[in-house]
Amino acid sequence: MGALAFPAVFTLPFPRHVMIMIFLYGALATAWNIIAGYCGQIALGQAVFFGIGAYTSSLLYTRVGLTPWAGMIGGVILAVLVSQVVGYPVFRLRGHYFAIATIAVGEIVQALIINWDAIGGGRGVFLPIKRPDSFLNFQFHTSKAYYYYIALGLLLLALGITRWIEGSRRGYYFRAIREDQDAAAALGVNVAREKLRALAISAGLTAMGGSFWAQYLLFIDPESVFPLSLSILICLVAVLGGVGTLWGPLLGAAVLVPLQEGTRVMLGGTGKAIDLLIYGALIIVISVAQPGGLMGLFGVSRGAGSAR
Amino acid sequence: MTRLLEARGLDVLLGDYQVLWEARCAVAAGEIVALLGPNGAGKSTLMNSLSGLLRPRAGDVLFDGHAITGLPAHRRVSQGISHVLERRRLFPYLTVRQNVWLGAYAREARADRETQYQKMIELFPIISARANQLAHTLSGGEQQMVALARGLMSRPRLLMIDEPFLGLAPLIVEQLVEVIRRVNQDGVTILFIEQNVERALSIASRGYILESGRTILDGPSSELLHSAEVRRIFLGG
Amino acid sequence: MHRFATSLLAVFLVFAIVAAAPSGAVAQSKEIVIGVLYPMTGPTAQAGVDNKPVIEIGTDIANGVTDLPFPFYQKLKGMPGLKGAKIRLVFADHQGKPELGQAEAERLITQEKVHAIVGCWHSGVTATASQVAERHGIPFLNPESSSPGLHRRGLKWFFRTSPHDEHFTQAMFDFFRDFEKKRGVKIKTAGLTYDGTLFGADSGKIMKELAKKSGVDVTLDLQYKLQSTSLQSEVQRLKAANPDVWMPTSYQTDAILFVRTAKELDYNAKMVMAQDAGHISPDFVQAVGRDAEGTMSRAPFNTDLIDKRPVAKALNALYTKKHGKELYDFPARSFTGYMTLLDAINRAGSTDPEQIRQALVATNIPGDQLIMTWDGIKFDENGQNTHVKAIIIQLQGGKFYTVWPWDSATRDVIYPIPAWKDRK
Amino acid sequence: MGFVYALIAAGLSLIFGLMEIVNFAHGEFLMVAMYVAFFAWALLKLDPLVSLPLAALLLGTLGFTVYHGIIRRVLDGPMLAQIFATFGLAVLLRSAAQFLFGVDFRTVSQPLLAGRVALGPVFIGVPQLAASVAALAAFVGLFLFLSRSETGLALQATAQDRHAAALMGIDTQRMFALGWAIGSACVGVAGGLLAMFFYIFPDVGTPFALLAYVTVALGGFGNVPATLAGGVLVGLVEAFGGLYLTPALKYSAVFALYLGVVLWRPQGLFGRF
Amino acid sequence: MSLLSVTGITKTFGGVMANREISFDVKPGELVGVIGPNGAGKSTLFDLITGFQRPDAGRVTFDGHDVTGWRPDRISHLGVGRTFQKLKPFAGMTALENVMVGAFQKTSDVAEARAAAMTALEQVGLGERAEAHARGLSTGQRKRLELARALATRPRLLLLDEVTGGVDQATVPGLIRLVRELHATGLALIVIEHNMRVIMEISERVVALQLGQVIADASPAEIVRDRRVIDAYLGETWRE
C-alpha cells in the first residue's frame, strides 16, 4: 500500500499536510456521498455535523479534561441525535426546497453557536498545546505522521462503512430511495426511516472529521467549523469525483485539494486571486465536459443522472 | 389525392427505450384520419414525432412533399402543422385569452390574429365567456375547446389532436365532434387519436391501428369497423 | 478498478513530488528567509495587499537598497550582524482561513525553510499559524492581531509588538475619564455593537468588563452578523437607547453600512468610540469619511502623526511612492513588527531560531526610533510588547487626527458630534 | 429592503421557472451589477439611478452569454452538475472581480438622492426609499412585460409547458436564453439600486444570494409574483427580528421562517407544484 | 371471507372526482380484472389501496386490518405488492439489484436475497438479463422486472397496473402465461389492463370503471355483453 508508506518517503510536512487534507476531505465527501450519492438527498448542511464534532470533543477536552478520543465519540453521538431531530421534518421536502432547507438549518445553527457565550460564542475555543506528544491528548507536535495515519484511518473507516453499506440490505434500500421513492415504498422500504439512517451515518462520520480537525488545528471558531462554504466544498469534492461511487469522493479530494493548494502556493501570494480564477474555470470545464464526475473517465458510472 | 403528410419507417426512442418500430402513416389533404390502438401502443409518440417534439432515430417525415424530419417543432408550426397535446396542456396560469392568443405566435400567423380570434369566438363561444379566467380553472370540456382554438389560431393546414375526448361527458363529446367536422369542412386536414373505436371511425374517413409500437393495420373506416382483427385487438376473443 | 487505483496512486505521486520540491533556491547561509503570511485574497485581502509593500520596503532597508536615515534603521543596513546576508521574502496567502494559515505556516517552515514568520492580521489565523511555529521552534512575530488571548497560551516562540484589545479598550475608558475631567461632561452609558467573529466577540467581552470596572452602564449590547445585508434595525435600536457613547466594533463592510444607515435613519450619536479595524481603514474614510465626522477610534498609529514624527514621515514618502497610498495603521504596525524581527536577527548574528528567539526576548527598542507613539518595544515573558501605548483619534473633516493623549494630540476633540441636520 | 430582495430573487425565480436550474452565481451577478454602477459613477459621473439601464443591459448580456456558454451544455445533465457549474461560475466571477478591480471597498459617495423622510416615528433613508420604489417599479415592469407583451407571454408559456409552447411556434431555446438575459437584467437593476447605499467589493453578493434563495423558495419556485411576497416577508422578518431579537439572530429568524413555511406547505407559500 | 375489501372510497383532485364511492371485494386467490377508458380512475384506485393516496372517504381493509391511511411500506409488509403504470424501475441498478430490494423484505441476508431475487427473475423470464442495468432493458423487460420486484416481497395480493401496455406484441402471450402461473400458485391478483383480449382471457371477475365509478362488476363473459362497457369502449354498433 503506497498510502501507508507515503510518510516514510515524504518527510516534509507540507506534502503530508496535503495528503492529510486529501484524506480528511475524502472522508467528509465519502460521508456526504452516503446521504447524497447513495440515498439521493442533496443535503447542504454537513458543516453542522462537522462543527458539532469539533466543538463537542474540544469542549469536553478543555472543560472536563476528557480525552479527545472519547470526545470524538461524544461528538458522533450528539451529531447523530441532531441529525435525527433535524432530519425528521426536513426530509419531507424534496428537490431544491430540501437543499435550501438544509442550508437554512446550517445557517441557524451557526448563528446560535456564535451567540452562545457559554461555549465561547464567536471567540471560538483555543485548545492548549500539550507536550510531549500524547496519543491520549491527541496531540503530536514532533511529526505529522500520526495525524496522517489518523486521517487515513478516518478515510478508511468512511470507505469501509460505505463498502459495507453497498454490500448490505441498507445499501440496496438507499439506492432504491435515490432512484424512486415511490417504488421503494411499494416494496416495503420505510423511506423516511432509511433516509434518517443514511443521514445518521453521514453525520456521525462528519462529526469525527470535525473532532480530528479541532485536534489538528487546536483552534476552532464558528466561522471556520460551521460555515456554509464548508458544506458546499464537501459537496463539490464528491460531485467532482463522482457521486454514488465508492471511490469517487476520494478521487475528487485527490484532485481538488492539490489543485487548490497548488494554485494557492504558486499563485496565491500575488493578491490577484489568479489561483481562484483558474480553480473556478476548471470547475466549469469539468461540469460541462464530465457531468457525471471524474469517475466517468475510468469507465465507472453510477446513476448520477437519476439523483435528481 | 395529394399526400399532405407522410411518415415512414419511424424508429423512435424515449430516453433509452425504443417505443416505435418502423411506424408509418399518411394523411391526404382534406381528410380526417384516426390513429387507433390500445394504451401504450405508441400513438402519442408517433404524433409527437410528426409535430417535431421527438426526433426519430430512423425514418422520414414529409410534409407537403418536403422532408421535415429534422425540423424543430416551432418551425413546423410555421409550415402549417398544429398539434393539440393529450390532456389539452393549456398554459395553466395564463388566461384563456392569452392561451388562445399565443396560438398565433408564429410570425406567419400574426397578421390575421384578430380575425382568426373572432372566428374562434364564433366557433367556441366559451372563449369570450371565460376570456379572463386562468386556464387551469376551466372544466375538462372547456379546456379542450380552448386547446382546439389555440391550435387553430396558427391557421394550420394540418391539425393533429391527441385524445380530444379523453374523460369528457358524452354531451361535450358530441359538441366537439361537431366542431371538428366544421373545421375540416373549412379545409383543415385532421389527424386525431382516439381509444373508442367506433367513435373514432364514425368521425374519421380512414384509420391507422397501432399495436406495440408498430402500424399493423390501416384502411377506410367502414372496412376497419367490421374487421375481426380490430375486435381481437380491442376486446379480445 | 485496478486501472483506477493505479491512476489514483499516480496522481498522488506526481503531486507529492511537485509539492515536495521547494519553490525557491535552496537556502544558503548567506540568506535570511522570512515568511510573510497575510490574507491576499478573500474579504479582508486589503490588509495583506497593503502590508506587502511596507514589508518589502523594510527588506530593502535591510538589504541596503533603500535608505531610512535614522540610527535604528541605519544599524540594520546590510544586516551587519550576519555580515551582509541578504533577506529573501516568501509571501503566502491564508485567505482569512485558520486552516490555511496553519498549512501555509507549515509549508513556509518546512519547505521554504524560513527562519521566522511574520503575520497574520486575523486573530484566528494567527492562533493556528503561531502554533505551527511553536511546534517547529521558529520565531513568530505578530505585528497586529489584537485578540487578547493570543499571548496567553504559554507559547515560547510567539511575539506581539502591537497592543491588544485590552490595552486599547482600557485606553478608551482612560480617555473617557480624562475627557470627563477636561470638559465636565458625563459619559455614563454606552451602547455596544460588535460582530460575531473572534475579533468582535472578544472586543465586546472586554468592553463590557472594562465598562463595569469604570462605572459605565452598558445600556445596549448588540451582537450582529458579519456582513449584514441591512443594519436598519440595529441602528433603530441604537437610536432608541441613545447612549452617551456608541462603541462599535466592525470590519470595513459593516462599518460603512452602519454610518450610511445612521445617516439615513437620523441617528445622532453624541460620541462614537470605535474599536479600530473597519472604522479606520482607508476604504471607510474614503467611502463615508465625511459622514462619519467625529468618529473616534483607538489606534496604535495615525497618519497625522507622520508629520510629527520624522521617522514616519520618511517612511511614508517611501510607501506612497511604492504603493500610491498614504501610510496608515495596518502597514505601520506591520512595519514596526517586521523591523523588530529584523533587529533581533541582526543582533542574534545568526539565523539559528533559538538565537533569534533569545534576541527577541532581549529586544529593547527606544520609542523615538519607532513610527509609533509607543514607549518602545520590550516583550514580557509571554512575548507581549509591554511598552505599547494606544492613542485616540477622531475623524475631522474627512481625516483622522490624534486627539488623545493630550500631549500627542494634533486637534481638539469635537463633542458632541453635530447632528445630521446641523451639518453643512 | 424587501422590495430589493424581491427584485434580486425575481431573476432567480424566473430562471428557475423556465428550466429548473438554481443559479448559484446569482450573488456574483449582483456584485458585477454593483461594479457596473460604481464605475459608471466613478468614470462617467453617472448616478447609479441614471446608469440603471446600463447595468440592466450589461447584466442581461452576461446572462445571455452564460446561458449559451455554460448552461445550455449542462441543461440535460444531472442536477448536481448544474449546481457545480454555476458554483464554478461564482468562484470565477468573484476572483475575476478581484483580479480586475482589486479588493478595495468602493462606495458611490454623494448619490443624487440622500437624506431621509419620516414616516411617523420611523425614519427611512431616501436612497432606500428610492431603491424600494424603483425595485417595486422594476418588479411591476417585469410583471407587465411578462403578462402583457408577446415575448413575455411566450416566456410564461415556456415556463408552464415547454412542449406545448414549442407547438405554438415558440423557439424554446431562445426563450431560455432570454430568460437568463431578463433574469440577469433584474439583478442588474437591483445591483444598481443597492450601489446607491451599499459598499461594493468582490464578495458582496454572497449574503444577498443566500437571502434570494430563501425568498424564491418561500414564495414558491417559478412563481414570479409570489417572489414579491416572499421578498417583502423576508425584509419584514429581518427588520423586526433585528428590532425585537438580538440582531445576530435576525437572519436565523428569516431562515426559521422559511423552514416553518415549507414544512407547512412544502411547495412554498404560492408554489404551483 | 374476503382478502381485500374496498368500501365506498372517494378521492377528489382539485375538484375532479377521480374515484367516487368505489366498493368491491377480492377473495384469497382470486384474479380480478379492472377495466375502463383512460381517466376512469383505475390507477388512483391502486394508489388508494396501496397507501400512496389517502382517500377522502371510505375504507380499505386487507386481511382483517383496516389499512386506510397507512404508509405504503406498511401495507407492503402486510402482503400487498404492486406495479406502476408509469414504470418506476431503479434505473441505475441492475435487474437483479432491483429485485433484491423487494426480496430484502423477507430477509436481511444478501446471499438469500440474491437467490430469492434470481428465482423471481427466472420466474418472469428475465434470468438472463439479471446483470443488465434497468435503464438498458426494453419496455416489456421492465414490465417483467417490476413484476419480479413485487413478487420478491412474497405478496398475498398483487396489483398489476397495465401488464401488457406498451409491450411488444410477441411478448404478450408470455406475460399472460406468467400472470396465469402466478394465479395458479394461489396468489390473489388485481389486474388493470387495456387489452380487452388479455383481460377476458385471464380474469375470473372484471370490475369496469368509468369516470371514477364502478359501472359493472361481473364475470368476463357478462362484461363483454354489458351495454355500458361496450358503449364506453367500442361504441354502440358493437353491441350484440
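Per-chain numbering from 1; labels A, B, C, D and E assigned in written order.
Simple rule for what comes next: contacts are C-beta pairs under 8 Å (C-beta built on N, C-alpha and C of every residue); 3 or more make two chains touch, one makes a residue touch a chain.
Everything quoted here is computed from the prediction, not taken from an experiment.
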item	value
Number of hops, chain D to chain E, where each hop joins two touching chains	2
Contacts common to chain C and chain D (chain labels)	A
Of all other chains, the one whose Cα centre sits farthest from chain D	E
Relative to chain A, chain with the most remote C-alpha centre	B
Between B-D and A-E, the pair with more C-beta contacts	A-E
Centre-to-centre distance between chain E and chain B (centres being mean Cα positions), rounded to whole Å	31
CA centroid of chain B to CA centroid of chain C, Å	75
Length of the line joining the C-alpha centres of chain A and chain B, rounded to whole Å	53
Shared interface positions of chain B, touching two or more other chains	none
Multi-partner residues of chain D (at least 2 other chains)	95, 98, 103, 246, 248, 251
Residues within chain E bordering two or more other chains	135
Chains grouped in pairs wherever the two touch, ordered by label	A-C, A-D, A-E, B-D, B-E, C-D
Chain C residues within the chain A interface of the complex	1, 3-4, 7-9, 11-13, 15-16, 18-20, 23, 40-41, 45, 48-49, 52, 90-93, 95, 97-100, 102-104, 106-107, 109-111, 124, 127-128, 131, 134-135, 147, 149, 153-155, 195-198, 200-202, 205, 223, 225-226
Contact footprint of chain A on chain D as seen in their complex	16, 22, 70, 73-74, 77-85, 87-96, 98-99, 103, 202, 210, 213-214, 217, 221, 246, 248-249, 251-252, 255-256, 258-259, 262-263, 266-268
Touch list for chain A against partner chain D, complex	42, 89-90, 92-94, 96-97, 99-101, 103-105, 107-108, 111-112, 114-115, 228, 232, 235-236, 239-240, 243, 271-277, 279-284, 286-288, 291-292, 304-308
Touching residues on chain C, where the partner in the complex is chain D	41-43, 45-46, 49, 196, 222-225, 227-234, 236-237, 252-253, 256-257, 260-261, 263-266, 281, 283-284, 286-288, 290
Of chain A, residues touching chain E in the complex	167-169, 172-173, 175-176, 178-180, 182-191, 244, 302-303, 305-306
